[in-house]
Every structure is written in C-alpha cells, then in structure tokens.
Amino acid sequence: MTAISPTTSQAAVRDASIAVAEGRAKARLRRRHALVIGLRLAILVVFLGLWELGADHNIIDPFFFASPSGIWDQIWVWVTEGTSQGPLWVQIYVTLEETFLGFVIGAVGGIAAGIILGRNRLLADVFSIYIKIANSVPRVVLGSVFIIALGLGMASKVALAVVMVFFVVFANAFQGVREADRAMIANAQILGASPFQITRTVIIPSAMSWILASLHVSFGFALVGAVVGEFLGAKQGMGLLISTAQGAFNANGVFAAMIILAVMALVVEFIITRFENYVVKWRPAPFNEQGT
Amino acid sequence: MTAISPTTSQAAVRDASIAVAEGRAKARLRRRHALVIGLRLAILVVFLGLWELGADHNIIDPFFFASPSGIWDQIWVWVTEGTSQGPLWVQIYVTLEETFLGFVIGAVGGIAAGIILGRNRLLADVFSIYIKIANSVPRVVLGSVFIIALGLGMASKVALAVVMVFFVVFANAFQGVREADRAMIANAQILGASPFQITRTVIIPSAMSWILASLHVSFGFALVGAVVGEFLGAKQGMGLLISTAQGAFNANGVFAAMIILAVMALVVEFIITRFENYVVKWRPAPFNEQGT
Amino acid sequence: DKITIIVGGMEKQIYLPAVLTQQLGYFKDQGLDVELVNSRAGVEAENELLAGAVQGVVGFYDHTVDLQSKGKYIQSIVQFSQAPGEVELVSAKHPEIKSPADFKGATLGVTGLGSSTDFLSQYLAVRNGLKPGDYTLLPVGAGNTFIAAVKQDQIQAGMTTEPTIGRLLKTGEASVLVDMRTPEKTKEALGGPYPAASFYVQSAWLEDHKDEAQKLANAFVMTMKFIATHSAEEIADKMPKDYYAGNRDLYVQGLAGGKAMFTPDGRMPADGPPTVLKVLSTFSKSLQGKQIDLSKTYTTTFVDAAK
Amino acid sequence: MQLQPMAAEKLSQAALPADAAIAIDDVTLRFVTPDGHMMTAIRDFTMTVARGEFACVVGPTGCGKSTTLNLVTGLLRPTTGNVRVMGSPVTDISRDIGFVFQADALFPWRSVIDNVAAGPLYRGMPKAQAYELARDWIARVGLGRFEKHYPHQLSGGMRKRVALAQTFINQPKILLMDEPFSALDMQTRTAMQDELLGLWSQQKSSVVFVTHDLEEAVALADKVYVLTAGPGTVKSVYRIDLPRPRVMADIRYDPKFVEIAKVIWNDLREEVQLGQSRTLQTGH
Amino acid sequence: MQLQPMAAEKLSQAALPADAAIAIDDVTLRFVTPDGHMMTAIRDFTMTVARGEFACVVGPTGCGKSTTLNLVTGLLRPTTGNVRVMGSPVTDISRDIGFVFQADALFPWRSVIDNVAAGPLYRGMPKAQAYELARDWIARVGLGRFEKHYPHQLSGGMRKRVALAQTFINQPKILLMDEPFSALDMQTRTAMQDELLGLWSQQKSSVVFVTHDLEEAVALADKVYVLTAGPGTVKSVYRIDLPRPRVMADIRYDPKFVEIAKVIWNDLREEVQLGQSRTLQTGH
C-alpha cells in the first residue's frame, strides 16, 4: 500500500497542474476575444468620431460625404416612418431576395462549371477562352441588356447578381480542382472510385477551401449586382433607395443605405463562416496553437 | 567483339523505338492542339452564324442585340474613320491605361493586405470585418463618391478599377497564406528564416497559385471598373464610346466596343498565363501526362 | 486657361448646342479652351460643379431651383431650350388612355425618381384632376430600357426624349399623348414655357470669371442663332457620326420635330422660371416650405451683352 | 538457366508466360528533366509475377522501384514496351489492384474509419457493412482507439497502418506495396507481415513488394528481384525456396535463410557500390 | 542507480544538470481529440541530453517520439512542465537547432540545390558561398546529378537525402532527427550514418535521434531512451559504452554490441506487446 501511495499522489499533483494549465489557457482565449472586440470598437469609434468632427468643421463636406449623425437620423426616419417606397424592411427583403437568388445560382453555376472544366482538359482548353471573354463585359452594360431581355422585374437583377458571382467562384473552383493532390486522386482511383466518386469525395473536398474563399468575397458582389440592377430600373429595393437619395442630393440617405447593405453582408458572412468552420473541421491547427 | 555486338544492336533497337515513341507523342500533342483550335473556331462560327441568322430573320432583334455583320461594320468604321471622340486607338489606350493602373494598384494592395492579415491573426480578426463591409458597398455608388472626391479625370476610374480588383485578390491571397503547409513553415523557421524570409520564400510561393487564380479573374474586373467609371463621366475611353452608342440606339456600337474590350482582356490574359507558366514550372504534371 | 464643361449626355438632342458649339469652332473663335466631359447622371454633374472640379454644366434648368433649396447657388447663363423636349408617350397596347386624365391605375415610366420627368409626369396628372396615388411611377431610364418596358407592358405610358420618341413612333409601339417639344404645346400642357436645357455655372465662380462667362455666352448664343437659321439636315451634318450611327433619318426627323424647343438667342423666357417653380414645388419634398429666389437662378446679362 | 544448389536459385528471364498476373515486357521509361533533357528512369525492364506469386523488389534508392509499381497500376505509361496485368494491356487503373503508396496518400478530411471504409464504399458495399468491415480492419492494425481521429492527429507509423488497412480491406487480387513497413517498429512490423502473408495465402493474390530490408524480402518472397542502380533494370532474380507457411518471428534464425540472404546481399552490395561511385563521379 | 556489469548500463533519471543541451523536465502534453476529449500524448516525461551527447529514442509507434522532438524545437508547447534548450526555456524556434522531419518538408518550388542552400541563405551567407557549400553537401549525399531537379522528380529516398543535406549544411549545435534513414537502402544508410557521426564528432553537437531500428540506435548512441507505449513516458535509459570512433559497417559484428542490443530488445519487446494488447482490448 505504501508503495502505491506516492504514485497516486504524484498523479493527483499532475492532474491538478493540468487543470490549472487548462484553466489558464481558457482565460487567455477569453482575454484575446475581449481584446479583438475592443480593438474593433475602438477603430469604429475613432473613424466615426473623426468623420463627425470633420463634417462639423466642414473639412469633410457633409453635403457630399454625409455625417454619422445625419446618417443615423436618416436610418431612424426610415425605420420609424418608412421610406418613400414603403417600409424599410420591404426594401431590404426585396434586395436580399434578389441577392440571395443570384448568389445561389451564380455560386452553384460557378462551382459546377469550375469542376467540369477543371476535370476535363479538353473542355477547359476549348471553353475557358469564352469564359474570359464573358468576364470582360462591363456589368453595367450587361445590366441594360438584361433589362431588355428579362424585363424590369426581379429576373434582371438576379441575372446581374449571377454574373457578378459566377466568374469569381468559377475561377477559384477551377483552380481548386486543378490543385487537388495527384497522389490522393490516384489513391482513390486505385481504391475503386469512379470518376464521379472521385469528384465527389476527393476533388470537391480538396477544392473546398478555394470555393469557400470565393464565396466570402462573392456574396458582397451579389449584393452589388442586385443593387446596380435596381439602380437601372426598379420599383423597390435598396438600390432604388440609393438612386432616389442621390437624385435628391441626400448624401445621408446614400450612406445610410450603404450601411444597411453592409449589415446585410455581415450577417450573411457570419453564416458562411459558420458553414466553413463546420466543413473544414478536419484541418490541422497551425503549430504553436495546438495542444493546450 | 562478338560478345558485344548483340548488346549494341539491342541498344540501337531500343533507341530507335524510343525515337519512334517520342515522335508519336509529339504528333499526338500537335493533333490535340489543332483539335482545340478547331473546336474553338467551330463554336465561334456556329455562335456568330446563329446570331447573324437570327438577326436576319428578326428572331433576335438587331435593334437591341445588334448583329455580327453590323458589329463588324462598326468596328471597321471606327478603325478607318475614327470615333466621335477621336481615333479608336486613343480610346483603347486611355481605357487600358486606367485599367492597368487600377489592376496593378488593386492587385498589389490586395496581395499585401492578404499577406499581412494572413500572417497576423490579431490584425485579421480586427480588420477583416471592415474589409467585408467595404466589399458590400455597391461599386456604382462608390463611383459617384470617387468622382466627387477625385474629380472626373483618370484618378476616379483608376480608383474604381482598384476597388473591383482589391477584394478578389485580397480574399485569395489571405486564404492562400492561411493554407501554406505548416510543416514547410516549420522547416523554414528551423533552417533559420526570419518571419520576413518565411513570408518571401515559403508563404508567397505557396500562395502563388491562389494569387494567380485571382489575377486571372480580376483583370476582367479592373476593365469593368474603368469602363463603369468612364460611363459615369469621361471625355475619352471605351466606356464613353459605349455610353454614346447606347444613347444613340447604336446596338452595333455597344457590342463592337464590348468586343474590343474582350480582345483587350484576352491579350492581357495571355500575358498573365505566360507569367503563370513561368512561375509554377516546378509543379508536377498530373499522373498519366508524365513521361512521354 | 482650360474650361471644363460637363454635358449630361453629349449625344442627346436636347443638349445638342454644347457639342455643336465645339464642332462649329465657336469656342476657339472666342479664344477659349473648352473641354466637354460626358456624364449621363445629372447628379454627378452637379456634384462636380459644386465641388469646383468643373466650371460649367449643360443640364436641366430645374436643378438650379432644386439646389437653391439646399443652400447651393448655381445660375443659368445661357438658356438653350424653352420647352422640356419631353414627350409623354402612350403604349399602343393601351388606346383607352387618351389624355393624362386616364392615367388612373396606370404605371408611368420616368427616367428616375426625383428627375424632371418625374415632376412633369406628376404635374400632368394633377393638372388633369388626378391625385398622387392614382397612378404608379416606375423609373426605367431612357433609351433601350424604356423601349423594353413599353414592349413588355411594364409601363402603359411614359415620358422620354429623342431619339427614344422617334424610335417608338416609327415602330408604332407608342403614340404621342402630350408633346412638350415646342413652346406652344408646352404652354398648353403646363400653362407656361418650361425652360429646360441650359448652361449653368456656380454663382460664386461667376463673380470672379465674368470675362470667361461672357465669352462662353458669346459662343453659345452664336450656336443658338446657327440652329435657328439652319435646317435639321444641315445641323445633323455638323454632328459626329456616332450620334446618329443607329439611324440618320430618325435623327434628322427627331431634330426637325424638336428644333422649335430651342431658344433663338439663348435668352431665358421671362415667364419660364415661375412655371418650373410651380411644377417642382407641387411635388418635390425638398422645396416644400422653402423660399426660392428665382432671380438668383438665372441671368440674362451675358446673353444680352453677346454680340 | 543457371541453377544453384541452394534455396536461392538465380533465374534467367525466360519468355513471358501468357497467363502471368503481371508481365512487364522490355519496358523503357523516360522522364523530362528540368533542363529539358530526357532521363531514363528504367531501361529494358522485364518482370513477370505469376498468379499467386509473392515477388519482392530490392535495389539502391532511386533505381526505379516506385516507377515500376506505377507502371503496373497504369499511373505511368511506358515510353516503349508493354505492361500487361492479368493478360490484358494496362489502359486504365484496374479495380483488381491494391497499392500501398510510398508517401502518404490518405484523405486528410476523412477520419480513420472513413479512410478505411472508402474502398468498400467506392465499390458499392452497403454503408453499415462497409463500416463494420472497416472497424474490423482498424482493430487488426491496432488502431481501435483512433477510429475518429483525422490523419494529421496520428503519428507517422499510425498513418501508414491506416493506409495498410485501407488497401487490405479491398482484398485485391494484385497487391503492390512500396516500402509499406519502413515506418513501423520491429514488433508491429512483424505483426503486419503476418497479416500480409495471411491475406496473401487466403486470397491467392499476387504481390509485388518493394523494400530496402533484404531480410524482409527474403522472409516474405517467392522471388526476389534485384535491380541495378538507375537507370534501373533487372540485375538478377532469385527464387526463394523456404517452406511455407513461414512464421516471421522465427524465420530469421533458419540457417537456410541466413545463407540465402548472404548470397543476395553480396549481389546487391556490388550494385549499390556501383551506383554510389557513379553518383560520386558525376557529383561535382 | 542500478549499475549493470555490461556496456548497456541502465540509468535512473537523476536530477537535471543545469548545463544540459536539452532538458525536458516532467512534461505532460495533451491534445484535443476529435470527439472533444483530451488525449495525453506524453506524460511525466523527463529527459536530458548533455552537450555533445548522442541520444537515441526508441519506442512503439505512436508513443510520442515525434511529439518529444517537436517540444524541443518549440513547435509544440507542453501542457505542464518545462523544456529548456542550452539552459534557457524554449520560447521560440532556436537557430541552433537542426531538425530532420519524419515527413517530407522540402520546398516543392525549389530545386534540390535551392533547397539545400536555403539554410545558409536564411542565415545571411553570401550567395556564391552558400551555393558552393550546397553543392558540396549534395555530392556528399550522392545526388550530384540531381542538383536541378525539383523534389517531385526525385524518389522517396532521394528526397530524404536532400532533407539531410538541408539540415547538415547548417552544422547545427543541436540535431534532432526523426527516423531519418528509414527510407534508405542499407548501403546508403551506412554511408549516411558515417556522415552523421563525422559531423557530430567534429561539431561536438548534441543529437536526439529517433529510430525504429534498435541496432541502429545502439550503434550510434551514447544513451538510448526506451519509451513506453502511449501515453509515452521514459521506461528506461541505457548508456552505451561501445568505444568510439565506431565504424558502422563493422560494429554490428562486435559481440558486445550484440549483447547490448539483446538486453534492450527484451526491454522494448515487453513494452510493445503491452501497447499492442492494450489497443487490441480497446479496439472494438
């Protein structure tokens, strides 16, 4: 019995010190989180403060560049009294719907095209030149072509959002497929995978971080596409709100609408990041961030 | 001597058959190249043919969607007689200059920001939210802000091209840095590399294919930015040409200008591809395409 | 030194005097180095002018009134047209609309909300006994998108300018409901002349640049006289080919129909500004409850002095 | 044919039997080197593995052993010559083949059990059954506690064992293995060798096994190929006539084994020294 | 301290000397497993390597050998306990260390010579000199003809030799090697071992060498650490008193060597069997 007792106590000491170490690690994480939030807020406050000051002293002409307080007033009016086109949330909803449809169609199309061309060299050699041509078409011109072809309804805005998203996603999906590790593909082939199974279980997972990177940036682009579409002609939506505000020399209105758009983008960004963390949970942490 | 002769002749046979095999491989490559070019041309011809036919029979209204022959006439007129704004090449030069400046500034900025934030977790956590906000601002609205701030000259178009390019390049550079192999970074560290050396010799090469993928798509975007800028206000450039043609119901002019833009994009694309092949020449060919 | 002027669409017939002056070489004759910049969005042009980046704008007169309500002073020094040059077209699919009084329940196309076409359309409706809310306004821009909106029956009627008018008339997809291309018909529709296309500058700039302003006025007045004394054909010949690349006949035809809207001498018609104020103050939120001094929105001094 | 009075019979390369599981016939393979020249990796290479035969390949590093295996799988194509598997020319990757790669080729986004179950799932086995089988094989390679781990959370030796389970689970007719056991400690290695021999005799599969450990080669093989230093070609082939079944833990102490190993060792050493002196000459 | 009457002297872990090159003091390291639990990789681990000492580490696969090396480099941080290198706590990656990774860590976009010259260039040596030195080391590892090749154009063994040259060229004070020779054939391996011993004695560096080959460990080391099956901790330490300089080609036939190897082998086998039975129990 006496022989065992020192070992037990030694183990107890170890376990206690591990608990302490883990507690310390957790506290460190919490502190870091607080630091990040604090810094973000600090930057925001400094930025808005300088802007407001500049506007007050006419260094930044609020007629052109608005002022934070003016923007806030405008948002408040829109929230409480609605906009000239109806309640604010309807405008947000309309734009969000167009954006979302365009984003999904563009992303799915871009991923599909990227994978198909990435997997098939001949198709890639033949078609990539046409994709490059399409990508150099100015979107604003495309906008009027879409309005002629698809009308002034939702379809033309969605189409514009699609063409904003498609090329970015395509380029990344295509390259992601090309970068897939050849040893891994060979292994899957030998294990008995059909070309389709290889695409599904090897190519797509390895291109995933490429695709996700493009989705991050392209949701913002989809939003831009939808807004530009509304700019060119619409009954409702954030783009029309901006266009009206611009026409009335209402800089506060223009900036207020842009801030609402930014908040929309951030919310969706948050969702994409969640999805990303779920998808790439297999990924090794960098050295030094491992263990506890 | 007799002992050697069979070996020599055997070696000669082998060398001959290798020569044959290599000749066959080269011929196969040539045939494939011809096939690709042929298919590309076939698609182009079919596409243009259908368009022309459709326009002739008014299935595709040439008033809105132009016709290949009309576009060709317009380009011919511009080339031989110049445009209302002066010689065609001046318009091309102006737009190309804006695009190029915007592309370079946006790409360099995006790469730099991507690398800095990708290498520094704290900066990334603090600033990435602001980059996302900036990315959701509609570019057309930004265009007006730039015109107010920078005037109607070249600066505002360049700025617009920059903001089209920056985000795509940033997103990819950032993710590319994050994806760099941790074992390779550790190895460089242990070999004695300073953080800057690691960035230069490990991070940038491994993020290179990410960055290049974004450059491919973003030159088209830079072009779009410059053209939109000219659309909003300019005295020269392809955007103004399009705007004038649109105002004059000259669909052929609109499409002709877009085709010129596409050719510009393709030329630059070709240069980027050359650069890419040079940079990634270390890359293994996929299995089955190796050997001869 | 160099003078930069923004034109709100150089190829538009309503702004034709700007480019024509350049083409005729009148600026050079006055010893001026003028650079014309195209900008289709009116707001962009005004913002540039206010920011001091350009010296003048060729645009609609009503902006001078609107901006005064926001405390910014700009003045028209040469008035190009005394009619808006706009036409309210009605779609051929809707023969039941015979006058603005039949707009009830219809969707009316305008170039943009808050634009001149917006105010004019509403004014037409109200003058014919309708209330706001009886009709819907849809911003459809001009040109192709306007035509597409008519074709797709998204608007039953709409207000636009040449060459969109000519195109729709030619294909028979629309007909003229209210014509505001001549001073007479404008008076009939709005109850007075409606000064539209004009050349305006910042009042502050004018103070210090009387000399340049005079030279500019000289050049423009000569152009106005040229227009008055030449046929549409002859004017079209002077314009860059790209402006009528679509269809020259249509261009000339439109010009012949709309030539009458131009003032013969660049002078502001005395009863014009009040009409504009009346139209604007009925609908523009920013004007409500504001006192507008019309005399600060234009001046005929330079036109009068022009030789 | 030079017959030798002992178990290690040196064979001359006879005409290729038509029914061989693997027949590499006078193959030459050349790569393009960075400076644009051609480099011959293997030359006039002939090798046959009969059905149910266990062949080991030994040779100096860089002599073309992995290249040979890649030729059999169809991942590489010969510049000249033919490769036949089960009597028909190699055109595509065959489902009958199992290949344990020299380097890591696990799927990093799949846990151990998903990696091991990949083969059966690809081949259409129902999910439940595939996972049950996978669990079984994971236990056999001694990784029962690590089913849910991802590859980057395993040690080098553990990853190799996952790769073995991934290949063995398919029970391939033809098994190609490229230094499969070099990352394992002696004890685990012996266990894996026994596992391999069991699978082989039960499946009657044909095996090509590349190793640097000559003793391992002799202990396992029916036939040992000794390659020359690059450009690789077959230097000699030995038939190993040790009785089966062999028990890995004991066979090394068999005097016949020691004798065979010594003969081949001398043959191989000659070659390796040749290769070294050649690189030293050309090394600047 | 249990002294044994032969060359393999089993040592008890004494108090840590202050001037040791490497001192791992009662370290425990835990990883988060995929199901969110903590897994102890090494536990109560204590190890000292004096300046100029050559230590080998053997143990069953997955017992924590690579983890231990990563602790010394600073790539991993202990959960509890201390790691000191050259007397000062490990905070960042030290320039005195050379590390041959178990897996491939060459730069794929650099040719062989650029890979080997990386260390000297990072450390500020002039370009011409660095390349000259690199050429010298490339020749020493027998890759003279492959200077311009990229890593993917090399065989597994050749890549490993590039990694060795890349590390050796820096002449590190502390040399950590994780199964560096397991992909090499016997002859090349012996040459590399001689190269390593030469470098070590000339540089008076301290070496920690992980291997699965017990004979290799005994042949090279001053001190052999035997680890227990995971969670790894030190089971026993042996001092190897074979005379130096040792010639790798001959030492295996030294009777003292055979005796030592046998003693440690028995110790190790016990541990490996324990590890295996444990995984088999928990394997479903």
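Points worth noting:
For clarity, chains are labelled A, B, C, D and E in written order, and residue numbers in each chain start from 1.
The working rule: contacts are C-beta pairs under 8 Å (C-beta built on N, C-alpha and C of every residue); 3 or more make two chains touch, one makes a residue touch a chain.
Remember, it's a predicted structure, so these values are computed and weren't measured experimentally.
Among the remaining chains, those touching chain A and also chain C are B. Traced through touching neighbours, the fewest hops from chain C to chain D number 2. Centroid analysis (C-alpha atoms only) places C farthest from chain D. Interface comparison, A-D versus B-D: the pair with the greater number of contacting C-beta pairs is A-D.
Each chain gets one centre point, the mean of its Cα atoms, and the points for chain D and chain E are 27 Å apart. Chain centres here are Cα averages; for chain B and chain E they lie 48 Å apart.
Separating the CA-averaged centres of chain A and chain E is a span of 45 Å. Separation between the centroids of chain B and chain C, computed from CA atoms only, is 42 Å. Under the contact definition stated at the top, the residues of chain C that touch 2 or more other chains are 41, 43, 47, 51, 143-144, 147-148. Looking at chain B, residues 64, 144, 148, 186, 231, 246, 284, 287 sit in touch with two or more other chains.
Chain E has residues 31, 75, 103-104, 111, 150, 153 in contact with two or more other chains. Contacts between chains, counted with the stated touch criterion, involve the pairs A-B, A-C, A-D, A-E, B-C, B-D, B-E, D-E. Residues 63-64, 74, 77, 81, 83-85, 144, 147-148, 151-152, 231-235, 240-241, 243-253 of chain B are the ones touching chain C in the complex. Residues of chain E touching chain B in their complex: 73, 75, 93, 95, 97-99, 101, 103-111, 118-119, 122-123, 150, 152-153, 166-167, 170.
Chain B makes touch with chain A in their complex at residues 35-36, 39-40, 43, 64-65, 122, 125-127, 129-130, 132-133, 135-141, 144-145, 148-149, 167-168, 170-172, 174-175, 179, 182, 185-186, 209-210, 212-214, 216-217, 219-221, 223-224, 227-228, 231, 239, 242, 246, 254, 258, 261-262, 264-266, 269, 284, 286-287.
Of all residues in chain A, those touching chain D in their complex are 181, 183-184, 186-194, 197, 201-202, 205-206, 208, 280, 282-284.
By the touch criterion stated above, chain D contacts chain B in their complex at residues 28-32, 38, 43-44, 70, 74-80.
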